[in-house]
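The two complexes that follow have subunit A in common; it is paired with subunit B in the first and with subunit C in the second.
Up next, the complex of A and B:
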């Protein structure tokens, strides 16, 4: 009777420990799947929002008659990040709700940024300007894209020809 | 004495096993609850995302398809801005009205100038809000709202 009790307890203990080990492995895999699914959905939401923001900027640029107007719009609404002889890079930051970060507050609440790279491809009777508008997330998504420094969400490359006499 | 020792050993084993079993049950319940929460969050996000994305892309695609001179107008309907797309079929002019009514985006095709009731239209998609704003020459801002989130897109009409 004494031995029977002892054997049953030991077997139960071993069984439970093995069960917990199996559970721990399965739980880790499940948590990873849950995390990946959640962050994939967040990335999908961000892609929609980024797409709308980038397209809106492209449409704004498209609506201008002259390159000066386009430059003025970019200078007013973006921060000039880099300028070379033929190229200018503008940047704007957004918080986690995709609200524009106020000037001076960009380094604290920023989560996403949009860069607009402008360059002159051709200038004769007018100016052919190239715009590359890119939206990125500053920190990569957990569980997905962990190997990258930033996470690119959406990019548009477009050209617009501005006539010298400001026609459309 | 020996019997007492065995009873104590048995009690310790039983309690330890029960404790481990309880931990296992508790962690299983936690994982299930976590999975349920994540699934419901994903589902609600997906629905909101779908409503915002589809409503905006539907209207913008309709406008881009018909972006010809004097074909696209923004007019007031029931106090809200609505998109009016004019097309001609066999010398007859037809208007497609896209408007927000009763928490949904509606569309109706009528012969030009015909009066209609707002609920005569075909429901395209449920959204919590849909607004059309005029910004400046040919530039319009469309905003779709789902739950508490809203997203907007700016559209430039080439033709007008």
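Up next, the complex of A and C:
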């Protein structure tokens, strides 16, 4: 019987090398593209989640009638990181599923953190408190913003006036 | 006995066939990667836009609170100046003068003898907060009181639909 091994015979080594080269070059570009897409999508999802958390904190603070209530809420739900004369920085850690990290476990599972920076300006009528609430990811996203140490996800800045006596 | 050779085939890829297959695969993968990146990037841009709007909203809210604190400070100082000899009329007259000195605050008198203060806090993203305050004075206790009547978020400029006259098809006569 006559043997026909035409497939193997007609594909030259040069052709295979060229094919592999093209695939390698295009693969490197595509891998970068796929990687960027994945991490951009992850960042978008994290931004939505961070926005929900940050806005929820801001609305909680805005709902209080007195600054004491706001301070109590922050002291109960956050860890005091830094305190100066009229400025306080609170922090809270979240794991990769945006669940609160239990106290003591922060260093192991933490992936994200939210800081609340409060500063107070006193007036005759009451206190004007400024809140800067920032959400950040501890490790930067691969492929996108690799040059930064942390990746800022969401930030809001607001002020709340607390009258000397409760209620307005 | 005749032995079958399974390697035997009549199909021939030919010279450059594998190269064409590789190019096709690369082309498909490139299209998929570009599509997935553009979808993810547009999602990211959308969330960034939402973040900017939220940031602006809380910023103007803070500005409105700051102005509210200024108004309260003015009211307390006017009340303190009048002390126990003060009447409602004197309080409102003084308060009106002092409040109009605050930038962006307009004051008007109402029919029931109270004052109404109005101010706006403008943002960068076509949104503003309009605040209306009711200022009252208790002559018995010689104390002023201020309540928030409205605290509304609204756009600064609405789209002008009047200039866009679209000729609609009116049907057959």
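Quick note on the criterion: the second predicted complex is superposed on the first by the 155 of 168 C-alpha atoms of A that agree within 3 Å, B and C clash if a C-alpha of one lies under 4 Å from a C-alpha of the other, contacts with A are read in each partner's own complex, and residues count from 1 in each chain.
Assume contacts are C-beta pairs under 8 Å (C-beta built on N, C-alpha and C of every residue); 3 or more make two chains touch, one makes a residue touch a chain.
As the structure is a computational prediction, the values presented were derived from the model and not from experiment.
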| item | value |
| --- | --- |
| Overlay on subunit A: subunit C relative to subunit B, clash or fit | fit |
| Comparison of subunit B and subunit C by subunit A residues contacted | C |
| Subunit B versus subunit C as contact partner of A:124, first or second or both or neither | second |
| First, second, both or neither for A:17, with subunit B first and subunit C second | first |
| Which superposed partner A:163 touches (first subunit B, second subunit C, both, neither) | second |
| Partner chain(s) touched by A:37 [first = subunit B, second = subunit C, both, neither] | both |
| First, second, both or neither for A:48, with subunit B first and subunit C second | both |
| Partner chain in contact with A:56 - subunit B first, subunit C second, else both or neither | first |
| First, second, both or neither for A:155, with subunit B first and subunit C second | second |
| Subunit B and subunit C, minimum CA distance [Å, superposed model] | 6 |
| Doubly contacted subunit A residues - partners subunit C and subunit B | 5-6, 10, 12, 16, 19, 23, 27, 30, 34, 37-38, 41, 44, 48, 55, 62 |
| Partner subunit B, residues of subunit A touching it in the complex | 2, 5-6, 9-10, 12-13, 16-17, 19-20, 23, 27, 30-31, 34, 37-38, 41-42, 44-45, 48-49, 52, 55-56, 59-60, 62-63, 98 |
| Subunit C partner contacts - residues on subunit A that touch it in the complex | 1, 3-7, 10-12, 15-16, 18-19, 22-23, 26-27, 29-30, 33-34, 36-38, 40-41, 43-44, 47-48, 51, 55, 58, 62, 123-126, 128, 130, 154-161, 163, 168 |
| List of subunit B residues in touch with subunit A within their complex | 3, 6, 9-10, 13-14, 16-17, 20-21, 23-24, 27-28, 31, 34-35, 38, 41-42, 45-46, 48-49, 52-53, 56, 136-139, 141, 151-156 |
| For the subunit C and subunit A complex, residues of the former touching the latter | 2-3, 5, 7-19, 22-23, 25-26, 29-30, 33-34, 36-37, 39-41, 43-44, 46-48, 50-51, 54-55, 58-59, 61-63, 65-66, 68-69, 72-73, 75-77, 146-148 |
